[in-house]
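Both complexes below contain subunit A, partnered by subunit B and then by subunit C.
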Partner chain A sequence: MSVSSSLSRTRVASWYERRSKRLRRRSPRGADASLAIGLVIIGAMMLAALFAGVLSPADPTRQDIPNALAPPGTDGHLLGTDALGRDILSRLLYAARTDLFVAVGAVLLPLVIGVAIGTIAGYRGGIVDRVVTGVVNVVFAFPVLVLLIALVFILGPGIPTIIVAVTLVSWVSYARLARDLVRRERSLDYVLAARVSGLPTWRILGRHILRNIIAQPVTFAMSDAVAIILFITALGFLGLGVPPPAPDWGTMIADAQPYFTTHWWLAVFPGLAICAAGLGLSLIADGLSQKWNAQ
Partner chain B sequence: MAFARFFVSRLLQAVPVLLGVTLVVFVLIHLVPGDPAQTALGPRATPDAIDALHSQWGLDQPLHEQYLLFMERLLGGDLGTSLRFGQSAGDLIAARLPVTLWLIVYAAVLACLFAVPLALWAASRPAALRDRVVRVISVVGLGVPGFWLGLVLIEVVSVNWLLLPAAGVEPGFLGHMESLFLPSLTIAAGMTPLVVRSLRAEVLRVTESDFVTTARAKGLTPHQIRMRHLLRNALAPSVTVLTVNVSFLIGGTLVIERVFGLGGLGDLMLTGIDARDFPLVQAVTLVLAVLVVFVNVLGDLAQALIDPRVEVQ
Partner chain C sequence: MTEPLLEVRDLAVTFGSGRGWGGDRGRIHAVRGIDFSVRPGEAFALVGESGSGKSTTAKCVAGLQKPTRGSISFAGSPLDPARNREQRRAIQMVFQDPYSSLNPRMTIGAALVEILRVHRLAGSRAAAVKRAAELLDLVGMPRSALDQRPRAFSGGQRQRLGVARALAVNPSLLVADEPVSALDVSIQASVLLLLKRLQRDLGLTMLFISHDLAVVRQLCDRVAVMADGRIVEEGAVGRVLSEPSADFTRTLLAAATDLPPLDLDLDLDQDHRSPKRRSTR
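Let's look at the complex of A and B:
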């Protein structure tokens, strides 16, 4: 009995030791790899979107009915054409421009507004904090996509509407995060020292507190960006996205739905484009959060 | 007794949130650029028709009166009248709610079936190969759009393999199980990475707590510790993780219902949107938000039952 229990104890102990050693050694390296691959994917997609005009073999909106539904590899159409004979590669590139541009706006705006509101609420406390927390809780009660769809419907279609709608829905995550972080930070010595030395509030917030808390909201923004890309393309798929003829990945998939069985390339390529963007952002988020955890 | 107190205070906590939700839904119609009645009826509407709609919606009254009227109707069980169907929005929603609830529960169960074993497996050897495999799965899975995955699944499973129905809902329990499998699988696939991540982190947190150290000191094997101690303590966090993600789950059903033509609440909302049916869209938005609040309360109660240390913040 005593022999077997001491044996298993040694085994357990070595199991936990091995585990904790691995934890220390591996996570930063995995983090760097994730971050690097993610940055390469997103960087390449950004460049492709930026130089869509140069890279596109054709005008993404030019219809060519006689050449409709041409399979990939057809002369002049590397990824084939859609039901209206439009070049799919060109449409993918221009859609990247639309979707990535909307995503950048829809991530940055809530980040800035949410962090600002959350920081003020967390620092001030009292009634301001209670009001902000109340509003945040109410917005959190809505399923994100449902409120987003309702808002885009109410405000009317278009790129600015989508960005405004996403901002109205997703600032709350940043506000809650920033508020909690600032409340923790508020009572630390360096903030007290700054206050005692008579620095104005905006300066304490901007130069001292914000600098110490900003890493977490930024990390969260990257994982939020994955969701945002999926939301934007889902809006397009539901017919609530960027109005035509501007191409968008979600709309391309919606248009391709009737042809899926017979002409797979219409839906598969835009789907892969969304997956690639999602994967890139997801890797960046994963890398950042691991680095953050390692610290 | 402690649970009863927890129950009451948690319910009371939900009241201001619900009030806020009604306020947001009420405000929605006032965010419509221009005149909502004109927008709803289209450019060729007669002034009389527009006036009639104004008085029906109470738009001719001051704002606070409008909200009071809205609340009065709501508390009387009146969710408004759909323009498109000329029918009570409440009745329309009641007829379509079951499919959506089925889908939500089915997807949640499937997500748990995937996520719990994966999370436990990954957390049993952090940073080892299995942990990295699970991490790669969840990182990749996060970025896949559900509506596209749904289309691919229909194409592969229903059209090529002729295995499951591609659209619609079959009657009966087994019919539901069969016809809602692919849609639920699609939603679960999107949700699993989120659940795996949080759950893995929770299990690791529990691994470092004192009772695990005690269990180790008692001489239990890692397998015994995992089965007897970690699993039970990971149950409460799983419930939290699921309820936190219920908002994601409901949003997912909305799009997936459209992909598979299921005719649930999401489909109703999108039909309302196509018809510029403001009351219907408002009503569905309200019901779905109330559902989220309700599930969150239920989740907290379930957690309190599992873990007596849980308290209302």
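Let's look at the complex of A and C:
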């Protein structure tokens, strides 16, 4: 399982090309619809996560062995209970907190850091660009899981460890994307004109170039968030993820493994939550890039 | 004779490092050591066919390209590669492609106001907006353009907006790199006319790049002919065009179309029509 480490430069590029080709064919009205539906889904999930304390019928960590594996609809357990008798609905809501928080952090940090580094490298060129490109290539070649295990030893398991590890690895995708976009952009006449106008470099980068290239990294980030939620799921399986008893969707599915065939609700509900989050983020990504393409 | 405003001495630009295996073969000698000077208030033309090094020369003058060799002096003092704000302000440029020379995501007003504010040419935001509106008047564009983005305008209109941007900082030298060659012939004349009038009314000095001698005849006082990175002929426009001494100039002349002389009193606002390319939104 890997997040961005396996996303080679060509994959990022061709991914974006395919996406924008597909999007160009669609109607502009589709953009608003995708964006709206995506925002509603993610917005609802964020609200649910935020108000988990109020919305949860039970304490997500409270075990109740006699009532273990109760099916959905059982008194007081709308979505049933897991193998330890914990309320699945409550665990889902609290897990949304963990997973959305990690996804947002693990996407925003690399996005900001990567785009900043890539933009400077692409604009400056020369030795700065060569050094950044070298570092990016090394990180690309580095196995993310090895890094993560090392970090778990150093920092101890937990949410910060996951965010730091993902950031260390995946800023390079953004850096490379931004660097290539800026290299293309900086020779365009409007950038030359801004230089002739005597605008300071930071202004040219921030107000002129960044505005014209930011669409692709942001769109990519939305899809990356989906990958990161799946990545946390995988970490849960490996026991490297969010430490128990704090719930997250991935660990819930992992814990449900012995009951896949006999007690479907243990795995299906967290699975649906992951699907919904992925769908919502993809719709937002689609809508955004379509809107930006139209401009 | 008056002191030249712009003096270019032994300017040379070589692309490619020349390091590594190819040796000198990997290099492109875009400009091979040229000299020329432009007097205050005159329109000086640099003509030559594609690839002769005109744009590279223009970029050096505008401070966008570091010369490999040679010097550029402005108003008597040499310009070093890292120009200060005042030196940048004095030399402005109009670009060839009106479709890429304006930031697609900024309104015309925002772009002009930004430049005015950075150079502290307007005390307040309101003053900057007022000055931006005056600039639009100057180039014959409606003030409503302030709130619009470049995609709302035709090529000719965009080129006028490019001129307005260049004039925002009150330059003394305007470098125009083939400002009309991307435009329809019917629109070319009105943009040329605008440049000619601005030159007369504002006392601008102009370095005008072109591959079309007919356009040069309409607009310029003196001309230098470039071929393969060198200046092969230089002199008053009338003299060079009537009795060219270089073979190359004769070839260029044969390719030139005949254009009527510019009538400075013509109506300027003839290309305020709907944009040719309208983006779908």
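FYI, the second predicted complex is superposed on the first by the 247 of 295 C-alpha atoms of A that agree within 3 Å, B and C clash if a C-alpha of one lies under 4 Å from a C-alpha of the other, contacts with A are read in each partner's own complex, and residues count from 1 in each chain.
Assume a residue touches a chain if its C-beta (ideal position, glycine included) is under 8 Å from a C-beta of that chain, and two chains touch if they have at least 3 such contacts.
Predicted model only: the values in this text are computed from it and were never measured.
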Contacts of A:262 with subunit B and subunit C, given as first, second, both or neither: neither
Which of subunit B and subunit C A:34 touches, first, second, both or neither: first
Dominant toucher of subunit A (residue count), subunit B or subunit C: B
Partner chain(s) touched by A:211 [first = subunit B, second = subunit C, both, neither]: second
Partner chain in contact with A:195 - subunit B first, subunit C second, else both or neither: second
Touched partner set for A:234, first subunit B, second subunit C, both or neither: first
Doubly contacted residues of subunit A, that is, touched by subunit B and again by subunit C: none
In the complex with subunit C, residue positions of subunit A that touch it: 28, 188-190, 192-200, 203, 207-208, 211-212, 294-295
Subunit A partner contacts - residues on subunit B that touch it in the complex: 16-18, 20-21, 23-24, 28-29, 31-33, 125-128, 132, 135, 139-140, 142-148, 151-152, 154-155, 159, 216-217, 219-222, 225, 246-252, 254-255, 258, 269-270, 273-274, 278, 281-282, 284-285, 288-289, 292-293, 296
Contact set on subunit C toward subunit A in their complex: 59, 62-64, 85, 88-89, 91-93, 95-97, 100-106, 114-115, 118-119, 162, 165-166, 168-169, 279-281
Residues on subunit A engaged by subunit B in the complex (per definition of touch): 5-6, 8-9, 11-13, 15-16, 19, 22-23, 25-27, 30, 34, 134-135, 137-151, 153-156, 223, 226, 229-230, 233-234, 237-240, 250, 253, 257, 260-261, 264, 267-268, 270-271, 274-283, 286
